[in-house]
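Below: a set of structures, written as structure tokens.
Consider the two complexes below, in which chain A is the common component and chain B and chain C are the respective partners.
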Partner chain A sequence: MTPLLQLDTVTKAWRTPAGLVQAVRGVSLAVQAGETVALVGESGCGKSTLARLALRLTPVDAGRILFDGQDITHASERALTAIRPRLQMVFQDASAALNPRRTIGQAIDDPLRVHGRPNRAARVQALLGEVGLDASLASRFPHEVSGGQRQRVGIARALALDPAVVIADEPVSALDVSVRAQVINLMSSLARQRGLAMVFIGHDLAVVRHLADRIAVMHLGEIVEAAPRQRFWSQAAHPYSQALIASVPAATPAAARARGPAPLAGDLPSPLAPPPGCSFHTRCPRAIATCQHQSPPLIRLAPDHTARCHLLTHPVLDAAASTGHR
Partner chain B sequence: MSLLRVSNLSVVFTGRGRPPLVALDDVSLTVAAGETLALVGESGSGKSTLALAIAGLLDTAASVRGQIDVAGHGIVGAAPTALQHLRRGGIAMVFQDPMSALNPVHRIGDQIAETMPGSRAERRAAASRLLHVVGLPDAERLLEAWPHELSGGMRQRVALAIALGQEPRLLIADEPTTALDVTIQAQILRLLADLQRDLGLTLLLVTHDLGVVAELADRVAVLYAGRLVEVAAVDALFSTPQHPYTQGLLAARPPFGPDAPMLPRLTEIPGGLPSLSPPPPGCRFAERCARVSQRCREDMPELRASSAGLVACHHPGATP
Partner chain C sequence: MTHFARRLRRDVPALAGLVTLVLVGAIALAAPWLYPGDPQDMVARPLIWPFQDAALPLGTDRLGRDLAAGLAHGARVSLLVGFAAAAAAVLVGVTVGCLAGWFGGLVDDSLMRVTDAVQTVPGFVLALALVAVMGPGVGTVILAIAVSSWTGTARVVRAEVSSWRERDLVAACRVMGMGSGEILIRQILPNIASPVIVLASVVVAVAILVESALSFLGLGDPALVSWGSMIAEGRGLLRRAWFVAAVPGVAIIITVVSVSLAGEAVTAALDPRDRQ
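So, the complex of A and B:
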């Protein structure tokens, strides 16, 4: 099946006063219709840059972006006008994404108006209902509603043009636990009911485990592992994926008492100067000499499970490397 | 013996042209020497207001009623000079953003040494020792570094070193790992646990994250809309929470772990925090509560002994 959204060895460096930031380095990722793919990794690893590239909000340095089989890497703004409605985004900070001087109703109407859609008033009402907002909120301004309600407005806006793909960049990270559950439930039921494909960018692995059909782990601009949910949570193979899983705070005090030392020592390396060889070797508890100077190959552990790690090419180490979930 | 005793503390913010905001209402709690008390609640529940009040750092626009005693010294209404005196060997604080504790134009070593007694050489040696204590072994180089040269995790360690340099009897940490990445958060949580064990620190840990609570707390106080709703030992709070809000918070977390179930839906707490200007009469959680009765809307529940600790609820107990 042709993926709905496909990134093929996409690369992007940002020019900054401190030098070139290698934000995305040869990333390939395919998203099928109806599936939710999570992109996880620590801050600065390039998740938001990848989202901007996929949406053609910023140009790639190299690589290709395909939407529904069509190469849009260098598509003109005019050509993109036809595609943009099908490919939408939800941001972490809904208050920054919304115009403070436009009411919630206007904010949801804006994309409909710009794209000349019919029956706008009825559509706005239906969208408010779909994201669980009372119709009376349409006349309020963004600052007059709660953070959870603003995020629902952001979601309604993204859905207004009936997209096929939604890229949600940390959509619940700024929300409190009690409200977060509401928005997570909303997103998963919308994805199911509308058959949406979703790229869910997040750093809270418990939320990702709940939502994602497939997980892709980014480290310093590269996807180091990708696997479907069952395999990922039971057999994550890359030492970085394993460390991320083991870093999640314990669910209970008993589990906390049973745990060992922190999985990783030291800090994330700088994307201004990614380490040579495997970019994770400076923090990897199991690095071998090869890791310091040779880029790890992409290893296929199952038809839909891949990882970049030298240890996985060594059959003896393979067993130890796939102990998976703590 | 309790090191910290907060009694009937209320804090009201009165701003120009704004109705008064009741950030804390009749809060009482104690922290025993050597224990870690976690103060949890969602944003806006009054956690930072309580932390700042205890540290004597509250905005002068706040009107404060009640008592706060730290090792027998009263904080509320104390003169600023008396508070300064209390700070050494008294209370130190670390914040979510470690930069707020660091001066960007002073080298790390000077900032740690600044708060310590002794000759220049003695203070420098002490600063170097403190950096080791907080897990920064390359002290010689770090003493000369500027704050902007450090990562977020290192800055939080330095902020801890500065706090520890004051040899506090009580350390208040307000969301100390919230801004950090998960692998760095795991390091800082273990560091705090080690410091607590090795130095016998008394820690007031402010957080919205129940995972952080599970990792560090001995006891937990749950704050909702400016009132304490439940206080219990950490195991009891997680295994037999008594307040519907505590139960809701625990249930709203997506399960995680090797044997955790995959749920079709998460348990939601409907609605959001009530307005605090003024707060509703009766129980502040009433509008979101599945067990609400007429009494809850009229009559404010007080903290009372429960099977597991203290709970402020007219209908406490296990989830039906």
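So, the complex of A and C:
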């Protein structure tokens, strides 16, 4: 089956006064119709850049972006008008993505108006209902409602054009912990009801735990591991994925003690000068000599499970390293 | 509109400015009916002091012309020049600023270098030179003031637009397929209206002053009475009859101050965040 949204070895570097920042380095990712893919990684790993590349908000340096089999890597803004309604985005901070001078009703109406959809007023009311907002909020301004309500407006606006794929860039990171669960549940039930494909970007595995069909882990501009949810939680192969899983808060103190200290030390290396070899070797508890100078290949552990790690092709060393570590 | 009225009731200076400006505007509009005939006609003996004669409340000048009539007719010129020049300057400034801020790169560089060049010439000197070359007249004065005062607006608008361009709001608009023109005009411009209106009120005030100064120097429209030319008339009489220069002078001060205050009132009225 052709994936709905496909990124093929996409690369992007930002030119900054300090030098070239390698934000996204040869990322490939395919999203099938109706599935939710979680893209997880620390701040600065290139997740948001990847979202902007996929939406063609930023030009790609190299690689291809395909939507429904059609190459849109260099499609003109005019050619994209046909694609845009089917590929939408939910932003991290709804107060930055909504116009402070326009009412909530106008914000949700904007995409309908731009694309000349009929029965706009009724659609706006229906969308407000769908995201659990009262119809009376249509005449309010974004600053007059709560953060959770604002993000619901952002979701309603993204859904207005009946998209096939929604890319959500950390949609709950700016929200109070108390309303995060509500917004996540809303997004997952909307995705299910509408048969939406969703790319859910986050830095917290706990948030995407129940939402994603598939999980992709990003580290310094690369996807280091991708696997279906169940397989990921039980058989994550990359040391970075294992470290992320280990850092998810445990439900009970006993469980936390049993797990031991978090294995990940240090910060993300500078994307201005990525370390040679495996980008993770500076922080990896099980790094071997090869990791320091040779970039690890993509290894297919199962038809739908890939990882980039030398340990997977050096199983003996892997065992020795891990016993030595423990 | 109700929240505007409520806000104004709390903000007395803004209310005073707005009321005064409306009053000056009304006098300017009604001048041909309030004081029919030519305000340059001699109507009484010269140099009657203000408040001496009920028919001539502000007195007469050296030639026996009614100062009140001159003031009312002069308001037409001052306000016309002030608002027309400001409108033209803001229109040019917003257009240049939007193009430079939105497109960036070469467009930005070339437009901003032109702006720099205009800005290095003192505004009044530029206006003076233009009027001297093109000859006096209301249209020339408006043009001269507009040409020298659009740069501030262009700079502010450019800075605001290039800052808004990077925000998620613009990304959201592009994701929904909105064109550049609509993003600029419908989404960004309303958000940068406040500084533009404040600047516009300053340009109106400066334009009124520049017009007065040009008229004072005899470079205004010789066929029309203006506050500046009235001050020029009174210049020689400062010792004997200071009121001849002071009456139009006070009118300029009051109008300029009320324009500034009214600008703030309008800004506040446009901000939805102020609705409480």
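The rule is short, and it goes like this: the second predicted complex is superposed on the first by the 313 of 326 C-alpha atoms of A that agree within 3 Å, B and C clash if a C-alpha of one lies under 4 Å from a C-alpha of the other, contacts with A are read in each partner's own complex, and residues count from 1 in each chain.
By our rule, a contact is a pair of C-beta atoms (placed from the backbone, for glycine too) under 8 Å apart; a residue touches a chain by one contact, two chains touch by 3 or more.
Predicted model only: the values in this text are computed from it and were never measured.
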- [ ] Could you classify chain B and chain C on chain A, in the superposed arrangement, as clash or fit?
- [x] fit
- [ ] Go through the superposed model and pick first if A:182 touches only chain B, second if only chain C, both, or neither.
- [x] first
TODO: Could you look at A:110 and tell me whether it touches chain B, chain C, both or neither (first, second, both, neither)?
DONE: second
Task: Which of chain B and chain C A:12 touches, first, second, both or neither - done: neither
- [ ] Once the structures are superposed on A, label A:146 by its partner contacts, choosing first (chain B), second (chain C), both or neither.
- [x] first
Open item on the list: In the overlaid three-chain picture, which partner chain does A:205 touch, first (chain B) or second (chain C), both, or neither?
Closed with: first
TODO: Take the Cα centre of chain A as the vertex and report the angle out to the centres of chain B and chain C, nearest 10 degrees.
DONE: 80
Open item on the list: Per the contact definition in the header, classify A:238: touching chain B only (first), chain C only (second), both, or neither.
Closed with: neither
Open item on the list: Comparing chain B against chain C, which has contacts with more of the residues in chain A?
Closed with: B
TODO: Report for A:252: first if it touches chain B alone, second if chain C alone, otherwise both or neither.
DONE: first
- [ ] With both complexes overlaid on chain A, what's the closest CA-to-CA approach of chain B to chain C, in Å?
- [x] 10
- [ ] Once the two structures are superposed, pull the chain A residues common to the chain B and chain C interfaces.
- [x] none
- [ ] Write out the stretch or stretches of chain A touching chain C in their complex.
- [x] 52, 55, 57, 77, 80-81, 84-85, 87-89, 91-93, 96-102, 110-111, 114-115, 141, 143-144, 154, 157, 160-161
Open item on the list: Quick check on the complex: what are the chain A residues that touch chain B?
Closed with: 42-43, 146, 148-149, 176-182, 184-185, 188-189, 203, 205-207, 209-210, 234, 243-244, 246-256, 261-265, 267-268, 283, 325-326
Task: Sites on chain B touched by chain A in the complex - done: 42-43, 151, 153-154, 181-187, 189-190, 208-212, 214-217, 234-235, 238-239, 248-249, 252-258, 260, 262-263, 265-270, 272-273
Task: Of all residues in chain C, those that touch chain A in their complex - done: 167-169, 171-179, 182, 187, 190-191, 272-273, 275
